[in-house]
Every structure is written in structure tokens, then in C-alpha cells.
């Protein structure tokens, strides 16, 4: 399975959460614990926001742990909001256009999980993508198809509602083809201001997903930590598996819920797919 | 523009026509003369038939001239029928799934040219691909879409008729969208037994395409050539630009024609797209 | 750590031992058991002998499990003698010239292990390579340096003696620099006719290495196996970890020994490094 | 032949000089005019200085014109001093460790040209590299060897003197081996503050090299140019072939000279190799 991480808060160098030993996404990918797949070596991607509206992307087909350019960039680039994804392919080709995050305008999208029997459903799902969006599809994954369906269903104006409709549509399509549990997913979406983190699966046994605790609570628990001291109270990380071993640092997102990291109070809401 | 070559005849090592200096496809790609693009460095592919029904493929995103594995394979592999293609992208991503030749069952397909304004037409064209074939589409090029449309229109039972219908359909679709000259193409298709080489464009000014002369005529012209002596009379090469500088070795395929290299007599027929 | 496999015997398609599920080198690389490293995703290589003197090479920086060209080639190529290696880098760059096997003339060389503190020793070791061989060094690994030292010490005329001298030289050089246990290795070497498989480490705790049992014994144990029936009695496999779960199929190479697979009787001899 | 560019001045996005149509290095690489080689598709690299001491590197084996990550980075990264290089290999392997610029500490180095018969001279040249520098050599090119020789001869304290000694040493070594004209080069070197641009060849017919004119002169010539207006008077570009077609914008560096772009007045001095 894939693994991913989304960060929002005080600008930090990407390497802090992507590469540092014993507590980073890529180190984790080499020593998987909770993941269903032994190895996440089928490419990776990073999307980050800087001063412009359009996020930047760096995506590669190499294993993240041995990509020298990633090390250079992650050391040189700081961002207040970024998404990172490490891929373990469930079948589609290893190519940059299939690497997450996917981008459309100011939106980034990444996914862990799968649409079951996607090759059988793909044509029908792709046909439902709005004609004006269709030419922007570059790859062949279920994950990107989900993104363009969500865009079709209004992601840009109502992110949670659009993802609920997308999942409802995929489930209805899958079940019409006799697939019992059509979808398994955690999804990270961002627009440069907020992060939406979804956890859901048709069978009600979704891949894991964690939020970092509020920084102010963490700081009062660990007043001696310099690392925490530098981060704003608004800073949040959401990811597929906890990093490091700081007790009390992580909360699990419950089944069928969506967490929203945003200016002001964060939210945690039930997630209810429907057509 | 891309360039390609198809070979049928006495088994030879691929390197003879792909790599040898001053008279090979890859050497040619470094020193283009007739091509519209200066450089063909956007990946390449080779498909060859051995004793089985399914042709083998080697496709890469590296420039053909600096791919060491290609040198090894082309020195080690002999075949009686192979296709090779060097790509200059007209816009779609550089990835193995966009490299020619494309394969379906025992069929190989490669293309030089383009469908004009393909991003605008893509959805409609892809929708016309038969549902059972759709899941086999792996890339995002106009060339692969043309292949799957031709398969939809019966390539496996009537190759020339199916390509005529495919082109008719693309032209009709393009013109409905206000595109004056929707298609420009030379196409090489093979099934392990025959090679079909098409030259056509909506505007009647198609990319170049050449057939090698009959080997027996060539041999009588050049009785001293050891190289020719070893090749069977049936041996033929068809390609986008002549190789080497042997006078009388090449015949141009006329506009709107298809050449068929097959056991027994070869054929050259008018090519007439229609719906 | 790396893992490798060498095969000698009845010609078989490479895919049988490289790719087939549940009993191949690459499947094993995704589900490591005995290896010291979780993941072998830092490139791979295959070297095989066909009818010529020079072996062919296919080496790639991609993880072996997701390389499509490898699947094509391994399905298309048969050989009576081949070596395959899957890399987990101990620090040097991921590039084709650092992928095993290395080739010199008709010789192939691959290695699992390391020279400890190689960056510190490299200059001195490389200087000891014969001047006429030096220009053939293409990469930067300890493994390739060992190969060229062995060639310098006479690999082509006395393979076991030359490897003993190479190891003796590396140990002497390392100890002079205060390194207690300079070398850890299993090595597979071939010349197209024989395979030499070395197991040694300065500390006497070498990486694992296994030989397949004699085919005639195996066949009498498993008279019902069609797979075994087709293989000649001379057929042997040597590799870093047993494949599959056939009881009695594998013998461990003892510490500080070299096994020789050759026409006629195989040999197993003590391996004694010296200057 | 390779081509390269070095920039110093007002911080600009890398894409301005690397990617913009009709007047950038990469566009130029697709439509070569003065270069000896038709195609520069054997990888590329960019090195840039940001607020730290160590420059950042992005190097790739793909052709620069089709590398999507380069487009993203060049649009996102601004720098006051950067070097870019597009490679056409003269024989050594296409791998990231052979891509320019090379980096050591705060120094960057790139080269267009060659050491003639380098495989024959390599051992002797590499042996002359200081023992403490030797472990930092990662690739196998003549260009990187020249860099480490220059470092050995004192590049960090006397850049021009060290390069003169390096060239003197290479010429002496080459001539001892019977090579008439051992070296052909333009070299760009930077330390984050200054750029040194060398033009030299043993035969006195060096590859071309150009400096941009002083910005204040250019501005007075073209008072209407918005593009020029934004650049500080100190801004300079040095490169292998002029970009764009602004008359009076470029001065050729004379044979056997070195230009120094630095805070305060630039310099142009004779370059005199010696031992």
C-alpha cells in the first residue's frame, strides 16, 4: 500500500518530515510496520505551495529513498503546506503521470487504497468525468480518476460533498458490476489554504490515518522540546502511520470520517457517501 | 517527428538495422535530414517476433543512442520480423506506455504523425473504442488510440479495411470539431507474418515512407555485395527515410497508399479512408 | 544487502528463476527473510551466455519487480548459464555502471557484502589495479574494484587463487588502516563454462549461500515432479537464499569455502585468502 | 558538444534563462547552431546558490527538454547565481554522477570540451588528485577529473592559478603520451560570489564562449526594454552560444582568456597554463 503525509503550519524545510532519520515518511517506507505491502518503491511525489496559486510538483519513478534530487530539493525548499506520497503500485504502470499528488489548478490530491477491479470499471468511471476536465487526465490510475470525478462533482466549491458524491458514484458503479466492496481509501486533498483528509472504505475496515495533536497541548506536555517550540500552534500533520514515538502526539481519524485542517478551528466530521 | 523501420526476411541481429554506423535508424536519428523535428530523443521501442505468437517488446524513455541495454539486446537478438520506432513527442508525456510499438495479442502498431488537436478529440475517440478493448489501453497518445480504434473496426480480420475505417472515423470526428486536416500518418503494423505500411494525411502531403527494392533485383545490380548476398529474396525493409546511400535501393510509397509485405508477392494498394 | 543467483544447466527461460511467483529471486526480493536489509530496490542486473563468447548484460536502476522490460526479456531469453543480482546499495550511487554483474571479456562477477570503510580504502585499492585494466572500470563500487583486483591477480588463469589473493590484499590494506574486519562477501563468478561461488568474511560470519542438490538425487526423491524431470542431471543453482520450499533441495556452502560448478564433478574447497 | 550558461545578478527564476522559448539554453539545445554535435540529449544539470553556503544541485539523465520536474523547479526557484549545463557525452556513461555541474563544498564546476584520449590518461590523472579529495569523486568523466585536479592545485584559494596548473599538468601528461593537443575546454566555475569563465584549448581553436554586455550600456541602448530595466547593472550571463538576437548584447571571450564576474569590476585576463 501507499503511504502519505500532509503538512500545514509554520514553514519548514521538506526534509524535516520527508527524510530525517527515524521519524520521516521515507525512512518509514524502508521499515514498514502497519502497511499491507512490504515495500513502497514504485515512485513518489511531493507537491508544495509557495507564494503563487499553483502548487509545485516533484514526482519520480525512482524509489524515494535513493533519489538524490529529492534530497537536494527537500533540503532547499521550505513550505507552509505540502503533500508527499510514496507509491506501491496495485497494478498500473510506474510512470510520473501515475505518481501522486495529482494537480488541477490550485488543488492537489493523493490517495492510499484502491478501486477494486478498476480495469473493469475504468471506462464507465472515466466517461463520467466532465468533458472540459477530461483532457487534463494524464495517467491511468484509479486514484487520478477519483480526483477527476470529485472535480466533476464540485470539489472546488464543496470539497467534502464532492468526495461523498464521488465515492457514492464509484460504489454504485462497482456494485452494479457485482463488486461487493468497491472502494478502499484514505485521501489527502489541499487547495493551498486547507487540507481535507478522508478515511473510508466500502467494507468499513479502512487503512489507518492519523492527525497530529494540537501543538499547544503537545507543547505543554513537552515543555522541554525545542523542536515543538518552534512550530506555531496551528501546525498540523496528517498521515497514514504515526512518525516517531512521541506518546500522545497522534490521534487516529475514525472510520468514515473526514478531518479538515484550516485557518481557525479544525473539524472532524462523519463522511457519508451518497449519489 | 518520429521515425520508424519495419523488417521482414532472413533472420538478422537487430543491431544491423538499428545501430550500425552510417546506415541505421538510430544513427539516422542523430543526424536527421528529412524529419520535421531536429531531434528524436523522446524514447524509443523495438518489437520483435521470435518462435512464439506474442511479440516481445523493449521500450524505453531514454534517447535510443545512449541506451546501453538496447545495444546489448540488439546484439543478442535475431528476428525475422521486427519493428523499431524512435519518438519525438508532439506533446504527450515521455513514458514507456507512450512508446511505440504498441502491442495487442500478436499485433504490433507504430505511427509517425499526429491527430491534430488530439486533446480536444481524445474523449470522443476513446469512447468509440470497444468496451472489451478499453482496459488494454495503457498510455495517452493519439497513436495508441488509433491502434485501439483500428482493433475496434476489425484490424485482426481485415487490416487494411479497419485502418481505412479508423481514419475515416478520425477525419469525420475532427471535421465535426472544425479541424480541417485531422490526421497525418505513416503507420507500420505487423502480425508476425505480414507487415502493413500505410502512408496518408488529410491534406495529401504525408510524411515520407520508403520500401526497399526487391532483393533479387538489388543483387543483380550489385553482384559483389556480400551483405546483400546473404539475405533471402523475400527480405524487405520499410521505413520513414532511406538508410545508407545505395542507389536504386529504395522506392517511395505513393500518397494515400498501403504496402503489404507478405509471403508470396507483396502488394501496393490505394488507401481510401471511409466511415 | 544484495541477493543473487547463478544458474548452470539445461537451457531455461530466465523468467523461471527470476520472476515466477513464490519461488523466484525477484519475488523473494519483495519478501525478504534472511537478508539484512528490508528492501532490494536499488537496481538489478542479469548477465547471460548465448552462443557467443561475450555474455550479454541487462542492467537497470529501477526496482526489479516493476521493470517491464525485464519481464519481456526474461520471457524471451533462454540460457544455459546466467547470473542475476538485485542490489541494495551500501552507499554508492544508483546507476547502471554500479549494477552487477560486472563484465570483462567472457567473465561475469557479482557480489553480496561490502568492503568496510571503502571510501577510505578506495584510492589505494584502485591503484593496485593493473594499468591495462584500469580504463575498463566504469563504476564506483567496492564490488567492481574487487573484480578488477581479482583480474589483476590472475582471475582468467586461476580463478580461485586470484580471488584468494584479492581478498588477502583487501584484508591487508584494510588492517593497515585499522579496520578489524575489512571484507564481507559472497561472490558469483562465471566464464561461460563454470561458475565459482565464494563465501567468506574477515569475521567468519559470512552472508548465507546455497547450492542446489544434485538433480539426480532430487529426481529420485521427487519422481513425480515434471519440473525437475526436464532438467539435466548437471543442472545447478547457487544463490543467497533458498528458493521455494522443496525439502532437501538446498545445501549451505560452509564458511570460507568456494564451490565450483563445472562440466564433470563439481567441487567444494576451502577458501584461504593470502597475499 | 555540451553547452552551458552561468548567471550572476538580480535574483531571477531559473526558467527565464533555461526554458523560455526562443532565448533559453534548453530551447537552444534543440536547435543547435554553433555546436559541434547535433544533439544535446545526454542529461543535464543545474546548480544554484540560495541563502546557504552549499549550492543545490538538480541533475538528470533525461533530455532537458522533456524533463517535467525541471520545468516545475525552474518555475519555482529563484537565484542570484546559478550554473546550468546540457550534456552531449563524448563517451562516458550517461548517469547523474557524470552530469555537470560538479560540486565540492561551496564550489560548482562545469565543462564543455574534452581531454583527448582520456581513457588512456585517466589513471595517471586520477592518481594526481589529493588523497583527501579522492573519495569525493563520484563519476568517471574527464570533466570531473579536471575539477578535482584544480582543487588539488589550490582552486579554493587561487582559482585562476589552480586552473592554469591543472591545464599545464594535463597537457604535460598528454604530451608525454604522444597526444598533440591534449585539452579542449570552456569551463564555468563558481563559489557563490564570483564566476570564473575559462576559454582555452591546446590547439588554440577553442569552443566559443560569450559574456553579456554591461547592463547599464545595454539599458542605454535599449531604454524601452522592460526586461532589461528590472536587472541590476551588475547582472551578467556567460555562456557557450549567444541567446536571442539582441544586437550588441554579447562579447566573445578571446582565445586563452579567463573572465571573472565578481562584485565590483569584472576582469578579463590572459590564461596561461603552466606546470
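Order as written gives the chain letters A, B, C and D; numbering starts at 1 within each chain.
The definition used in the following text is that a contact is a pair of C-beta atoms (placed from the backbone, for glycine too) under 8 Å apart; a residue touches a chain by one contact, two chains touch by 3 or more.
Fair warning: this is a prediction, and the values are worked out from it, not measured in the lab.
Participant: On the document's contact criterion, could you list the chains that touch chain B and likewise touch chain C?
Facilitator: For chain B paired with chain C, the chains in contact with each are A, D, in label order.
Participant: In degrees and to the nearest 5, what turn takes the CA positions of chain A onto those of chain B?
Facilitator: To map chain A onto chain B, rotate by about 180 degrees.
Participant: Could you check if the interface between copies chain C and chain D is built from the same residues on both sides, meaning over half shared, or from different ones?
Facilitator: The interface is built from the same residue numbers on each side, given that over half of them are used by both copies.
Participant: From the mean C-alpha coordinate of chain A to that of chain C, what's the distance rounded to whole Å?
Facilitator: 40
Participant: Taking each residue of chain A in turn, which ones touch at least two of the other chains?
Facilitator: 68, 93, 96
Participant: Should the pattern of chain-chain touching be classed as line, ring, star, complete or other?
Facilitator: Chain contacts: complete, every pair touches.
Participant: Using the touch definition from the top, list the residues of chain D that touch chain C in their complex.
Facilitator: It comes out as residues 93, 95-97, 119-120, 122-123, 126-127, 131, 134-135, 137-140.
Participant: Within the complex, which stretch of chain C touches chain B?
Facilitator: 50, 56-60, 68-69, 72-73, 75-77, 96
Participant: Which of the residues in chain A end up touching chain C in this complex?
Facilitator: Touch list, chain A to chain C: 30-32, 38-39, 41-42, 61-63, 65-66, 68, 89, 93-94.
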